[in-house]
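Each of the next two complexes has subunit A plus one other chain: subunit B in the first, subunit C in the second.
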Partner chain A sequence: MDNIQSINFFIPELILVATIAFCLIIDFFLSKKNSFNVAYVALIGIILSGISLWFSSPLITTSLFLNSIVLDPFSRIFKFIFLISSFITILISLDTSELKNRSLGEYFTLITAMILGLILMTSSVDLIMIYLSIELVSIISFILAGYLRFKMISNEAAIKYVIYGAFSSGLMLYGFSLLYGLTGTTKLFEMNKVLFSHDFSHINLSLIVSFLLIIAGLGYKIAIAPFHFWTPDVYEGSPTPITAFFSVAPKAAGFALMVRFLNSLFGDVNPLNSENWVSIEGVPWQAILLLLSALTMIIGNLIAIQQENVKRLLAYSSIAHAGYILMGIPLLSKDGVFAVVFYIIVYLFMQLGAFYISIIIADKYKTEKIEDYAGIGWQSPFLGILMSLFMFSLTGLPPTAGFIGKFYLFAAVINAGTQYYWIAIVGVLNSVISLYYYMRIVKVMYFNEKNIQNSFVPSQFSILLLLILGIPTIYFGVQWTYIHEWVDSALKFFIPNF
Partner chain B sequence: MDLNSYLIISAILFSLGLFGVITRRNGVAVLMSIELILNAANINFIAFSRYSGMDFSGHIFSLFVIILAAAEAAVALAIILNIFNNFGSINIDDANKMSQ
Partner chain C sequence: MDFNILSWLIWTPVLGAILIVILPKNRMDLIKWIAVFFTGIQLLLSILLWFNFDNNIQGFQFMEKSPWIPAFNITYMLGVDGLSLPMVGLTALLSFLCVFVSWNIDKAPKGYFSLFLLLDAGMMGVFLSLDFFLFYIFWEVMLLPMYFLIGIWGGPNREYAAIKFFLYTLFGSVLMLIAVLALYFSSGRTFDMIELMSTAPTALSQISWWGFSGVKVVWLLLFIGFAIKVPIFPFHTWLPLAHVEAPTAISVILAGVLLKMGTYGILRINFPMIPDGTVWFAGILAFLALINIIWGGMCALAQTDLKKMVAYSSINHMGYVMLGMSAVVAAGSKYGSNIAAAELGMNGAVLQMFNHGTITAMLFILVGVVYDRAHHRDINGFGGLASKTPIYAAIVALAWFAGLGLPGLSGFISEAMTFLGAFPVYRNIVILSTIGILLNAAYFLTSYQKIFLGKLNEKYKDLPEINRREILILVPLAILVIFLGIYPTPLIDIMKTTMSEIIFRVEASELLVK
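For the complex of A and B:
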C-alpha cells in the first residue's frame, strides 16, 4: 500500500504523534511546579489512541508505507499492551514522591514518544524500520533512566544503559549489514524468499554469524543472559516508575519483534499462519535460543536469591521471566507464540503491581531493603495481601494469572515434542527456585519481628490503581476464557502473496 | 578494488571497535569505539549496495545509521557530562556506587 493510502490505517499512531507535539507545547506554558499537568495531556492522548485502536478493524492484515511496516492482529494486541502499560506507568509517576518538584514535561512527553517506538517495533518488517524503531526506544530509555540527574545512581544507570545499549545495537547493525549482503534486500519477506530459493550451504557460516550478532541486539532489549549485565544496575538506579515500565513494555516489544523477525526470516513459506511451522535447515537458531532461555532462567533465579534490595530482586526476577517467555519462541508452533503473548499480558499486571507496591513502601518508609518490610503485612493489610498476591502470581501458583501463563508455556513446550522436554524440566525446577525468594518477601512481611509499628493506609488513588493491577491478576487466574479467545484471535500475521 | 577489500576493511574496523569497547575505560573513548562499529556496518551496507547491483536501500540504510549515531552520541555525551559533574571523572568504572 502506498504512503497516502496507509495514513488511513495509521490513525492510533498519528494520535500519539499529535499528543507528543501537544505535550511539548503545553509544557512551554507551565511553570516547573505545574509541569506534572503534562501527564493529563499524555493520558488523554493515550486514551484517544486506544479508542481509535479499539474501533479499528480487528482482523485486517495489510502492509503499510511501501511494505515497511505491517498491520495485523498480532501487532494490534501488542499496541494495547503498550498503551495499557504506559497508561499505568504515567499514573504511577504522578503518585510517587521520587519525581516530586522536578520538571516533568519532558518526562511524560518522552514516555509518549516511547510508545510510538514500541508500536513501530512490533510492526516493522523492514531492517531499516526495525533499526529505527529499536533506536527510538533505546535513546528515549537512556534519557529516562538518567532522568534524576542530581542523583548519582540515576547517572550511573544511564551511563551503563547507554554504553551497553549502543554497543549491542552496533553489533546488531553489523549483523543486519551481513544479512543485507547475503540476501540483497532489507525486506524480511523477500529475504525469506531468497534464503529459500538458494542453496546456502556455502553462506551458512556468515548467516550464523549474522544471526548471533542480531540476537545480541535483541537479547539486550529483552535482557536475556548473557546480555543481561546492565539490567540490575539500570533497574536499581532509574526512577522506579520507569523501572517498572522498562521491565514490561520494551521487553514485550522485543519479544514481539523476535517472533516476527525469526519466523519471517527462517520460517518455511507461510510459516506464521499455519499450525506447524518449519524452519530452514542449517542455522541452529532454535537450539541457540533454547540454550539462552535455560541460561537466562538459571542465572536470573540463582542471583535473585541473594538480593537484599527489592528493586534488584525484581530486576533479576524479570530476567528469569524473560527466560521463561523465551522458551515459547523456538518451538515453531502456534501454541508457543500463543503462550508468549498470554504470558506477557499476565506478566504486565503482576510486575507493574509488585513495582508499584515497592514504590508506595519506599515513599512511606524510605526503604527498599527486604528486611525492612517486616510487619507491613499486619500494619497495612491491604498492601500485604496484594504484595502476596503478586508474589504468588510471579511464582506461578494457582489460583493466580501467573499460574495460567506458566501452564500454557509449559504445555506448549511439552506438546512441541520430546526433544523439548529438557527445557520444560529446567523451567519447572527454576519455578521451584523462584518460590524461595518470592516467598521470602511474604514471610518477612508477615512473620518476621515487626519493624514497622504504625498502621498505614495508602491513599485512595493508590488503592484504586492497585485494584486495577490486582483484580486482573486474580481474575485471569480463575476465569481466563475471555483473554484466551482474545489472544487466540490475535495470532494472525501479515504474509505477502508473491 | 573488489567487494572483498571493502569487507575486510569493515571487518578490521569492527574488530577495532570491539577491542576499544572492551579495553577503554574512558567514557568518550568507549563512545568513539561504538562509532567505529557503526561505521563498519555502514561500509558493509554501501559496499554491498554498490557491488551487487541491487537497489539503493543499502545507501539509505547507511544515511539513517549516520543520523541515529549522531542522536545517540548527543544523548551519550550529555549523560557523560552529567557523570563528570557528579563523579568528577569520565572513567566509567568510577561510576560504580551500586552494590554488585
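For the complex of A and C:
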C-alpha cells in the first residue's frame, strides 16, 4: 500500500503524534509547578488513541508505507498492551513524590513518544524500520532513566544504559548488514524468500553469526542473560515509575519483535497461520534460544535471592520472567506464541502492581530495603494483601493470573514434544527458587517484628489504581476465557502475496 | 439429592472466611463462633453425604460437572467415591474440632480463622475434585494459608519451618504439573480424571523421554509430588520441623489431613491411571515403606521433644499405608492372583489413613494440652504427672496405646491388615517391618513412663488438670478410635467397592501377567 492510502490505517499512531506535539506546545504555557498538567493531555491522547484502535477492524492484515510496517492482529494486541501500560505508568508518575517539584512536561511527552516507538517496533518488517524504531525507544529510555538529574544514581543509570545500548545496537546493526549482504534486501519477507530458495549450506557460518549478533541486540532490549548486566543498575537508578514501565512495555515490544522477526525470517512463508511452522535448516537458533532461556531464568533467580533492595529484586525477577517467556518462542508452535502473549498481558498487571506498591512504601517510609518492610502487612492490611497477591502471582501460584500464564507456557513446552521436557523442568524448578525471594517480602511484611507502629491507609487514588492492577491479577487466575479468546484471535501475522 | 452437596462442602468454609474478613477486629468471640458455625455445617453436610452414599455403586457419586475454561477443556468436576468419602469425613471432623483447639488464639484471630477456613476449603477441594486441573489448583491453594498459619502463629523457629514446608511442597507440585500436562496432551487433551483412567494407560506408553518410557517418567513425577506430602523418605525432612513449629490445631491438620493427601493422590491418580508404572514401582514402594517404618520409629525413639516424637511417629505410621498399597500387585497372576490379599492391603491402607488421622489428632492435641500448661515439651522434664492429672493421664494412655497399635484400638486393625495384605508378595519386608511395631511400643511407653509415672516433679505440683473444652474435643476422636478398633466393618464397607475397582485397573497391567 502506498503512503497516502496507508494514512487511513495509521490513525491511532497519528493521534499519538498529535498528542506529542500538543504536549510540547502546552508545556510552553505552564510554569514548572504546573507542568504536571501535561500528563492529562497525554492521558487523553492515549485514551483517544485506544478508542480509535478499539474501533479499528481487528481482522485487517495489510502492509503499510511501501511494505515497511504491517498492520495485523498480532501488532494490534501489543498496541493495547503498550497503551494500557503507559496509561498506568503516567498515573503512577502523578502519584509518586519522587517526581514532585520537577519540570515534568518533557517527561510525559517522552513517555507518549515512546509508545509510538514501541508500536512501530512490533509492526516493522523492514530492517531499517526495525532499527529506527528500536533507536526511538532506546534514546527516549536513556533520557527517562536519567530524568532525576540531581541524583547521582540516576545519572549513573542513564550513562550505563547509553553505553550498553549503543554497543548492542552496533552489534545488531552489524548482524543486519550481514543479512543484507547475504540476501540483497532489507525487507523481511523478501529475505525469507531468498533464504528458502537458495542453498546457504556453504555459508552457514555467516548466517549463524548474523543471527547471534541480532539476538544480542534484541536480548539487550528484553534483558536476557548474558545481555542483562545493565538491568539492575538502570532499574535501581531510574525514577521508579519509569523502572516499572521499562520492565514491562519495552520488554513486551522486544518479545513481539523477536517473534515476528524469527517467524518471518527463519520460518516458512506461512508463519503462525498453521499449527507449526518450519524452521530453516542449518541455523540452530532454537537450541540457542532455549539455552539462553534456561540461563536467563537461572541467573535472574539466583541473583534475585541475594538482593536487599526491592527495586533490584524486582529487576532481577524481571530478568527471570524474560527467561520464562523466552521458552515459548523457539517451540515453533502457535501454542508457544500464544503463551508468550498471554504471559506478557498477565505480567503487565502483576509487575506494575508490585512496583507501584514499592513506590507507595518508598514515598511513605523513605525506604527501598526489604528488611524495612517489616510489619507493613499489619500496619496497612490493604497494601500487605495486595503485595502478597502480586508476589504469589509473580511466583506463579494459583489462583492468580501468574499461574495461568506459567501454566500456558509449560503447556506449550510439553505439547511441543518430549525433547523439550528438560526446559520445562528447568522452568518449574526456577519457579520454586523464585518462591524463596518473593516469599521473603511477604515474610518480612507479616512475620517480622513490627518496626512501623502507626497504621497507614494509602490515598484513595492509590487504592483505586491498585485495585485496577490487583483485580485482573486475581480474576484472570479464576476466569480467563475472555483473555484466552482474545489472545487466540490475535495470533495472525501479515503474510505477503508474492 | 437435588442440591450440589459437594460444592457446598467446599465453598461453605469460604463463605465463612469472607464473613470473618468483613467483621471488625474486636469481635473476637463472634469470629470464633462463625468459624464453628461454618465448619459445623460442613461436618453436618459430610454426615449427610455419608448416610446417602451407596456402598455398592461402582464409580463416583453425587457428581457435578460444568464447563470452566472451554477453550482448554478445563471443567469444574466433583465426585465422591469410597476412597474420598472417608477423607472427606476426616477433613470435616478434624476441621470442626480444630476450631475448638484454636480457641485461645489471641494473636490476630481474624486472620487466623479466615486462613484456617480457606485451608479447610482447599483440603476439601483436593479430595472432591475429579478434574485434574481443579485438583492441582486446590492442591496448591492450600499451601498459601498453611504458610501463613505456620509462619505467623507458629513457634520460635516458625519462619524457617514455614518456608521449608512451602519450598518442599511446591517443588513436588511443580513436578506434578509437568506430569499433569504430559497426561493431558498424550491422552487427547483432557483433564477429566475418569476419562484419563481409561485413556492414559495406553497413551503414556507411546511417549518416551531420553529412552525412558513415558509411563515411568510420568509416574515418577507424580510420585515425587505426592511423596513429599506423605512424606516418604528421603523427602521427609520438612515434616518434623513444620509439625513442631505449627500451632497445635495446625499440627493436627498437617498430620491428620495433609499427609493423607499424598497417599490419596497416589491411590487416586498413580494407581488407576498408570497401572504399568505402579507395578513397576510396587517393590520399591514396599521398600520405601519399610524405611519409613523403621526410620520414623528410630527417630521418634531418639527425640526428647514430645511433639517431635509424635511428628516422627507419623512418618512411621504412613509407612504402613504405603506397605498396604504395595500389596496391590498380589492380585496379578504373576503373584498367584491373590485378590484377597490385595484387597486386604488396599483396604488396610485406606483404613490406616483414616485411623492415623484420628489417632495423630489426639496425640497432637494432648501434646498441646501439656504444652499450654508447662510451656515446654521436654520428655525428661516432667515426671509423675499421673498423680496430679489423672484424667489427662488416662486419655494420654488411650491415645498412646492406639498409637502403638494395641489390639482393640483402631490402629491395630489397619496395621494388621496392611501386614497381612503385603505378606504374600513382600514377605521379608513385612517381617522386617514388624520391628517398627516394637519401636512404636518402645518410644510411646518410655515417654509415657517418663512423663506420668515415677515421682512427681515438684515443679508441677500445681499443674492444672485437662479442662472440659479439651476433653470434649478429644471424646469424639476417642470414641472413633475405640469403635473402629472393635468394629471397623462400616468403614471398610464404604471403601471396599472402590478399592476393588482400583485393584482391577492395576491388575489389568500386562506386567502382572504371568
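Assume the second predicted complex is superposed on the first by the 498 of 498 C-alpha atoms of A that agree within 3 Å, B and C clash if a C-alpha of one lies under 4 Å from a C-alpha of the other, contacts with A are read in each partner's own complex, and residues count from 1 in each chain.
The rule we apply is simple: a residue touches a chain if its C-beta (ideal position, glycine included) is under 8 Å from a C-beta of that chain, and two chains touch if they have at least 3 such contacts.
Fair warning: this is a prediction, and the values are worked out from it, not measured in the lab.
Peer 1: Counting only touches as set out at the top, which of subunit B and subunit C does A:Tyr446 meet: first, second, both, neither?
Peer 2: So A:Tyr446 only meets subunit C here.
Peer 1: Does subunit C touch more residues of subunit A than subunit B does, or is it the other way round?
Peer 2: B
Peer 1: Regarding the shared-chain residue A:Lys369, is it in contact with subunit B (first), subunit C (second), both, or neither?
Peer 2: In the superposition, A:Lys369 contacts neither subunit B nor subunit C.
Peer 1: Where does A:Thr418 make contact in the superposed view: on subunit B (first), on subunit C (second), on both, or on neither?
Peer 2: In the superposition, A:Thr418 touches subunit C alone.
Peer 1: Once the shared chain is lined up, is A:Val432 touching subunit B (first), subunit C (second), both, or neither of them?
Peer 2: second
Peer 1: A:Leu178 in the overlay: touching subunit B, subunit C, both, or neither? Say first, second, both or neither.
Peer 2: Touch status of A:Leu178: first partner only.
Peer 1: Given the touch rule stated above, what does A:Asp488 touch, subunit B (first), subunit C (second), both, or neither?
Peer 2: The second partner, subunit C, only.
Peer 1: After superposition on the shared chain, which partner residues are touched by A:Lys193: those of subunit B (first), subunit C (second), both, or neither?
Peer 2: neither
Peer 1: Report for A:Ile139: first if it touches subunit B alone, second if subunit C alone, otherwise both or neither.
Peer 2: first
Peer 1: Once the shared chain is lined up, is A:Arg102 touching subunit B (first), subunit C (second), both, or neither of them?
Peer 2: Touch partners of A:Arg102: none, neither subunit B nor subunit C.
Peer 1: Under the contact rule defined above, give the subunit A residues that sit at the interface with subunit B and also at the interface with subunit C.
Peer 2: Shared contact residues on subunit A: none.
Peer 1: Sort out for me which residues of subunit C touch subunit A in the complex.
Peer 2: Those in contact with subunit A are residues 68-72, 108, 136-137, 140-141, 143-144, 147-148, 151-152, 158-159, 162-163, 166-167, 170-171, 174-175, 177-178, 181-182, 184-185, 207-210, 214, 217.
Peer 1: Please name which positions on subunit B make contact with subunit A in the complex.
Peer 2: Within the complex, subunit B touches subunit A at residues 7, 10, 14, 17, 21, 27, 30-31, 34, 37-38, 40-42, 44-45, 47-49, 52, 54-55, 57-58, 60-61, 64-65, 68, 71-72, 75-76, 79-80, 82-83, 86-87, 92, 95-99.
Peer 1: If you look only at subunit A, which of its residues touch subunit B in the complex?
Peer 2: Contacts found on subunit A: 127-128, 131-132, 135, 138-139, 142-143, 146, 149-150, 152-153, 155-156, 158-160, 162-163, 166-167, 170-171, 173-174, 176-178, 180-181, 184-186, 232-233, 236-237, 309.
Peer 1: Please give the residue numbers of subunit A that touch subunit C in the complex, ascending.
Peer 2: 378, 392, 397-399, 403, 407, 410-411, 414-415, 418, 421, 424-425, 428-429, 431-432, 435-436, 439, 443, 446-447, 479-481, 484-485, 488
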